[in-house]
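Look at the two complexes coming up: subunit A is in both, with subunit B in one and subunit C in the other.
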Partner chain A sequence: MLRFTIRRLISGVILLFVISTLAYLLLYLGAGNVGRRILGPQASDATVALKNQQLGLDQPIVERYLSWLGGAARGDFGSSWFTQQPVVEAITSRLAVTISLVIGATLVSAVIAIALGVWAARRRGWADRLVQVIAVLGFAIPGFLLAVALVNVFALKLHWFRPTGYVPLSTSFGGWATTVALPIIALSIGAVAAIAQQVRGSVIDGMRQDWVRTLRSRGLSENRVVLKHVLRNAGGPALAVLAVQFVGLLGGAVIVEQVFAIPGLGQVSVTATAQGDVPLVMGLVVAVGAIVVIVNLVIDLMQGFLNPKARVS
Partner chain B sequence: MTESAIVPLPDAAAEGSAARAHLMRRLLRNGTGLAAIIVLVLVVLGAIFAPLLTHADPNKADLNSLLAPIGPGHPLGADAAGRDVLARLLYGTRFSLAGALLATAIAAFIGVVAGLIAGYYQRWFESIASWAASLLMALPAIVILLAARAVLGPSMWMSMAVFGVLLSPAFYRLVYTAVVGVRNELYVDAARVAGVGDASIIGRHILAVVRAPIIIQAAMVMGISIAIEAGLDFLGLGDSSIPTWGNMLNDAFSKMYQAPVLLIWPSAAIALTSVALVLFANTLRDELERAGSGGRAKVQSTATGTVFGEPAIVHADEPGSAAPILAVHDLVVGYDRPGGEFKQVVNGVSLTVRRGEVHGLIGESGSGKTQTAWSILRLLPEGGRIAAGTIVFDGVDLSTQSEKQLCRIRGRRISYIPQEPMSNLDPSFTIGSQLVEPMVVALGISRAEAKRRALSLLARVGIPSPERTFSSYPHEVSGGMAQRVLIAGAVSCEPDLVIADEPTTALDVTVQAEILDLLRGLQRDLGVSILIVTHNFGVVADLCDRVSVMREGRIVESGPVRELFRDPRHPYTRSLFDAILEDGAARGALAHSSDRHTVKEGAR
Partner chain C sequence: MFKLKGVAVLAGAAALAIALTGCGGNASSSKSSSTSGGGTLTLGLIVAPSSFSAQNANWANQSPYMQAVYDTLLKASPSGEIEPNLATKWSYNSDKTVLTLTLRSDVTFSDGTKFDADAAAQNLIRFRDGTSPNASTLVNLADAKAVDATHVQLTLKAPDPAMLTYLTQNAGLQESPKAFTNKNVETVPVGSGPYRLDTAKSVTGSSYVFDKTPHYWNPSDQHYSKIVMNVYSDGTALLNAIQGGQVNAANTFDNTTLDQIKAAGFTVNPLELNWEGLILGDRDGTLTPALKNVKVRQALEYAFDRKALLKALANGYGTLTEQIFPTSSPSFDKSLDSTYSYDPAKAKELLAEAGYPNGFTLKMPSAAAFGESNFALIKQQLADIGVKVTFEDLQGNDYITALIGGKYSAALMTLQQDPTDWQLASFQIDKTAAWNGFHTDDPTVQGYIKTIQTGSEAQATAAGKALNKYLVDQAWFVPFFRPQSSFVTDAKTKVTVQVGNAVPYLWNITPKN
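Coming up: the complex of A and B.
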């Protein structure tokens, strides 16, 4: 188990290294005259050159890259070109917001999707068709579109929720829940669709397994066999879909945060992107990559827990 | 966002231009498919004929019609800059579709070419391509798009081209899997041996297989591209100089308080187009699956719940036989098929199991033995049902019991030993927990007590180290051990009747004898009745007191084993005996049944 974890962490670090290298080269080759962009058209050529020198942009790309990499390895990703705020600080202050949103959406979609999937698999008929319709809508309709609709109906018309804003989880759970309720619904629909489809398929398959008959022949009720045994076996494939969906949720959060004016990674990404703030963009790429690597590792460890054959000794 | 849809791969041989035309026709006949196609055609026509449908300029701001309502000058009103909403919507369709098309085309081109090369030639190219595919899938696409936007600026075409590259794994994985599946097929080998060039093989044989799945994937990718393009514009990171659905949404969102109606048009356009694309893909996939399954299976139509065939030959029981514990009378079992047909697999079985006896139910595969056994347990697979007859167990007709009542009978009164040991243990739970759980539920004893009993049962069925097996998972034990575990489970709640469905068939010959010994010993010790399903007269001779011979869903002859061996009257019974004398096993080519395979399928 420990060796498996270490091996996966190492491959995760390699993945991060490759991604950040590619991103660095692309971003800096395309960055153009940074000093001019920061200082604006009024600045004199001399000041611009000085600014570029301060930022180290007069150095050859390889040297700059190595110094960035050295800093990154020590946890120092430099400072924003525009606000001078250290990148690590700018990201960590927003990270918790996005993570709480994405984890909330993951939990909500997992619970709803499992309930819907099991329901559709067992009832078939109209329940099944309803879940299929939800799946099509969830897959087809972009989350941010749903977010806009939700704001319109539940915040502006019905006044059930505040249209925008965010209360940290650490301040009050109730405040957090009411501010993230709509964003989480908007984010979850796609993941619910995908996971419910997978759970439905796995449960239908599972109920046809020989051991279901054998367990029932011992006097266990169908409910018990489905909810304990079939569902546990369906967990592996469902987790695999969840891993893919998590990446989608993280991406979706970037846009959905913007709709609800939630101060998370999404907001800082959009600003950094629009300004061409390369150190900040680099930091974001690495941060998101690291989250994905860690989540995939956690999901693989959970797979081992669910499936004894996949367990690594 | 970049997950690939699961798309079935059709049989290459079944694919031809005729089959394709057929698929298209079926798609049009399917209501959902037709609706999706109509929506998509209307959207495309709207984009193409935008200049004919409106004379307004989508970018011309007009201070006199800021947020103008719906009216003669502006069929859908005007936006905050006084631009005509209908014109922006129609011209926006052009840009939104073109952007999505660009992304899809790039994704399909890279994915298909790389998939074909990697799948057909494999080796180093495959390693690199698969690694690159997983790299591209690792990050949220939007983050990479934002990074690209920071460098490349707000061009929609650039963003969509980058997005196309990011989505190429969706096509790559699809094509790669298909090619690997096809490249070793006999007809591809034959073509290669016949000297057909690689390019021609790929074109003729391999592309034919993946064409329809690629279309399905393209529809999905197109939908995702429309969404992501609109998302970028909505964030204000797109090119605001061109009318797109995303830009309209962005403008409308900023004026949400004054004119929420402006949100409706671009939202409806995005939602309608995306849903139509997904429905198109889903319907095409469903039709493809249906075509791949070879259409409707041939069904032998029989009336519902009829007993037919000649009556069984019954040998008289020896005097002083025990009272029956199980009496099955005229049992008819079948499966409901789509189209209201009822496929009958058991055509009126009557048999009696006496207290304390071992009763053999013998017949060739597909004769309905297993279906009869499952009916007694009331555990028929999905779609199966008892259409007629009674199953009287200890005075209670099981065929009319509710599921709740059956739960109290199963395990505690009647239990079951399956045929295939490895597939009859839940792979995710330890052997011990699968023994303990039913005892706790059925007997209401404590976990500790159940564990103690389970360990002693494991020792009783001849497992050398009960403690270790108890905490093992099913995949960690051999088939013979697993069958012993299943036997232990079957007798764990001290039932009156054990139904054993070919308990030795899946095992090695040496293990078979041990399992039969074990059953005989348990039967003697516990005084339990056993109904043993088998195709082997050796097992019957070895173990049984009485036997029923089954053929084509009917009992043809039954009676005490000694009587039946001395004087087999039915020609089928005699042919089973002859088979033992000739081959030593009764399984094989003595079937006269025309539909034993279809019967077997009905059981799935």
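Coming up: the complex of A and C.
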């Protein structure tokens, strides 16, 4: 298991290196006149030239890349070109906000999806069709549209929640709950649809297996058979979907954080990308890449926990 | 076993989420309140500060951040008149190349350092040599020296009629000299302003919290005990914050949501800051020979249905104009706005007189930021008089670089209407101006500009008027309209808009009661 983990971590580092190199080249090749972009139309050519020089943009790209890589290896990703905030600080101060949203959405969607999937698989008939319809709707409705609708109804009309902003849990639990509830709902819908479908299919397959008939013949209650045995068997594929959804939720947070003005990674990603804030975008690429690598590793380890056949000796 | 472990996994994840959240960002958003002499003002702004260093400070949309933490040497009234601030008196020598400022002696920076003439001189030199977008406003500053503790002398390379105005803006911001070498000088301001940035409660790029400076030298500028400036980079989020009562006042991205904002009980405070239209940069016919002929340029003036363009390009919010000078300028002449009516037949006639009866081809840049349909409309109106336009699509950044670099004979652009004629001329008209991309050198124009720079007030005003009329007659530009900018305020907040600035000056945002 240890060797497996180390091997996966090494491949993760290689993956991050390749992704960051490609991202660096793509960003700089399309960067244009960075100094002008930062300073805008008012700045004189002399000021723009000075800015480019200060940013080291008068150096060859290979030299700049090696300098960035050396800094990144030491954990120094430079500073944002547009707010001057150190990139590491910009990311770490927002990472917790986004991760809390994504974990919240993952938990909510996992619980609801498992309940719906099991219910549909056991009841079949109209319940099954209803869950299928819910799943299709969940897939079809874009997260940002749902976010706008939720804000209009629950924040602006009913005043149950705050329309924008974020209150840290350390400041107030109630404030935190009212600021994350709608974003989590908006983020969860798509994931619920995907995971519920997967759970439903896996449970139906599982319930047709011979070993399930054996369990029933031994007198085990249906609830025990489904919840303890069939569901555990169905957990593997569902976890795989959950892993994909977790990464997808990071992407979904980009739009949802914009709509709710939540100071997370999604919001800063949109702003930094639109501005062409290369140091910050590079930091985000590495940070999100690292999260994806870690999540996939954790899911692999959990797969092993749920299914002995999947364990790596 | 599975159940227990499953619960443990879920609980662990939940704990992680809570723990992470607890140590996360500090931005808070609460229902705002504004009480006279205290309370909190929550502003909704559309950009974050690019730097908190006075040396590299931006202005316009970023002016509230700077005005919260810094004082400027001089102050501008809402209509642009120069007023005392850190400098209580100012005087020029006879040829207007030496400006002497008398400074207050009772001002202290937030780090305890005393403000004096030496600090002022250092700040001026640093700004000139820094990378603020407006660093070039001090290009005429040869040197700044402290005469004594309360007198600073600015030596200019040449007279600069806008120098006093610059000192009311970012060029006049005063930062503690001790902070110049701070590692965090770009993110932690050390000024003498009416408020201090609470870095612990602020989230860079999203929310900035300012607390009232105790014992501030000018308490009449402190209308609130706390100011929160929230950044909304998305129009929908800003609208939601306004409708949800989460801000007292806000700048707006555009005018498309004004009806919804008014319905939420907000007042729209309109302001016209820019002109929008075509820059006919190639007046010497370098790339498009036809444009050298003034009749061709005038034909383009007659080609446009400005009323339709205002509706299409700015949703009808703004005022039609044919001049680039702002209404606040003494050189503004309302009669010039009816020099060219929409008359395609007259345009064709002028083209024929100029030797282009079948029109000509004009290459122009386009950019998604302006909206594709706007370019289509321009193309169609020019096609109606026989001018065939071919557009080359550019990124926003490349668009500006191309225009400044004189790569296109004509281009759609929105440019600011600077409050003084000298600023306007230096920015858009003079042969060395950044937005005179082809550096057209017209002796008549340069003569007027020289008088604006060196003449008496009366001479400068007369020259400004003459310059404005000359530019309209010579069709240097094809202005369509002045688009409306809108700053909105709730029922508890009063504001006086600032001429030439996108956001009202901070001390002009006050509680209504």
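Please note the rule applied: the second predicted complex is superposed on the first by the 308 of 313 C-alpha atoms of A that agree within 3 Å, B and C clash if a C-alpha of one lies under 4 Å from a C-alpha of the other, contacts with A are read in each partner's own complex, and residues count from 1 in each chain.
One rule holds in what follows: contacts are C-beta pairs under 8 Å (C-beta built on N, C-alpha and C of every residue); 3 or more make two chains touch, one makes a residue touch a chain.
Note that the coordinates shown come from a computational prediction; the quantities given were computed from them, not determined experimentally.
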{"item": "Contacts of A:176 with subunit B and subunit C, given as first, second, both or neither", "value": "second"}
{"item": "First, second, both or neither for A:276, with subunit B first and subunit C second", "value": "both"}
{"item": "Subunit B versus subunit C as contact partner of A:259, first or second or both or neither", "value": "both"}
{"item": "Partner chain in contact with A:232 - subunit B first, subunit C second, else both or neither", "value": "both"}
{"item": "Partner chain in contact with A:203 - subunit B first, subunit C second, else both or neither", "value": "neither"}
{"item": "First (subunit B), second (subunit C), both or neither touched by A:151", "value": "both"}
{"item": "Partner chain in contact with A:43 - subunit B first, subunit C second, else both or neither", "value": "second"}
{"item": "Which superposed partner A:103 touches (first subunit B, second subunit C, both, neither)", "value": "second"}
{"item": "Intersection of the subunit A residues that touch subunit B with those that touch subunit C", "value": "148, 151, 156, 232, 258-259, 270, 274, 276"}
{"item": "Residues of subunit A that touch subunit C when the two form their complex", "value": "32-33, 36-47, 50-51, 54, 79-80, 82-85, 89-90, 93-97, 99-100, 103-104, 106-107, 148, 151, 155-156, 162-171, 175-176, 179-180, 227-228, 232, 258-261, 263-264, 267-268, 270-271, 274, 276, 302, 305"}
{"item": "Complex interface listing, subunit B residues touching subunit A", "value": "1-3, 135, 137-144, 146-152, 223, 227-228, 230-231, 234-237, 249, 253, 256-257, 260, 263, 267, 270-271, 274-275, 277-279, 282, 374, 377, 379, 381-382, 403-404, 407-412, 414-416, 418, 420, 423-429, 434, 437-438, 441-442, 473, 475, 486, 489-490, 492-493, 604"}
{"item": "Complex contacts: residues of subunit A adjacent to subunit B", "value": "15, 18-19, 23, 26-27, 29-31, 136-137, 139-142, 144-145, 148-149, 151-152, 156, 190, 194, 207-211, 213-222, 224, 229, 232-233, 241, 244-245, 247-248, 250-252, 254-255, 258-259, 269-270, 272-274, 276-278, 281, 284-285, 288-289, 292-293, 306-309"}
{"item": "Residue numbers on subunit C that touch subunit A, as the complex places them", "value": "2-3, 5, 9-10, 13-14, 16-18, 20-30, 48-53, 131-136, 139, 186-187, 203-207, 230, 232-234, 236-238, 240-241, 243-244, 246, 395-398, 400-401, 404, 415-416, 427, 434-435"}
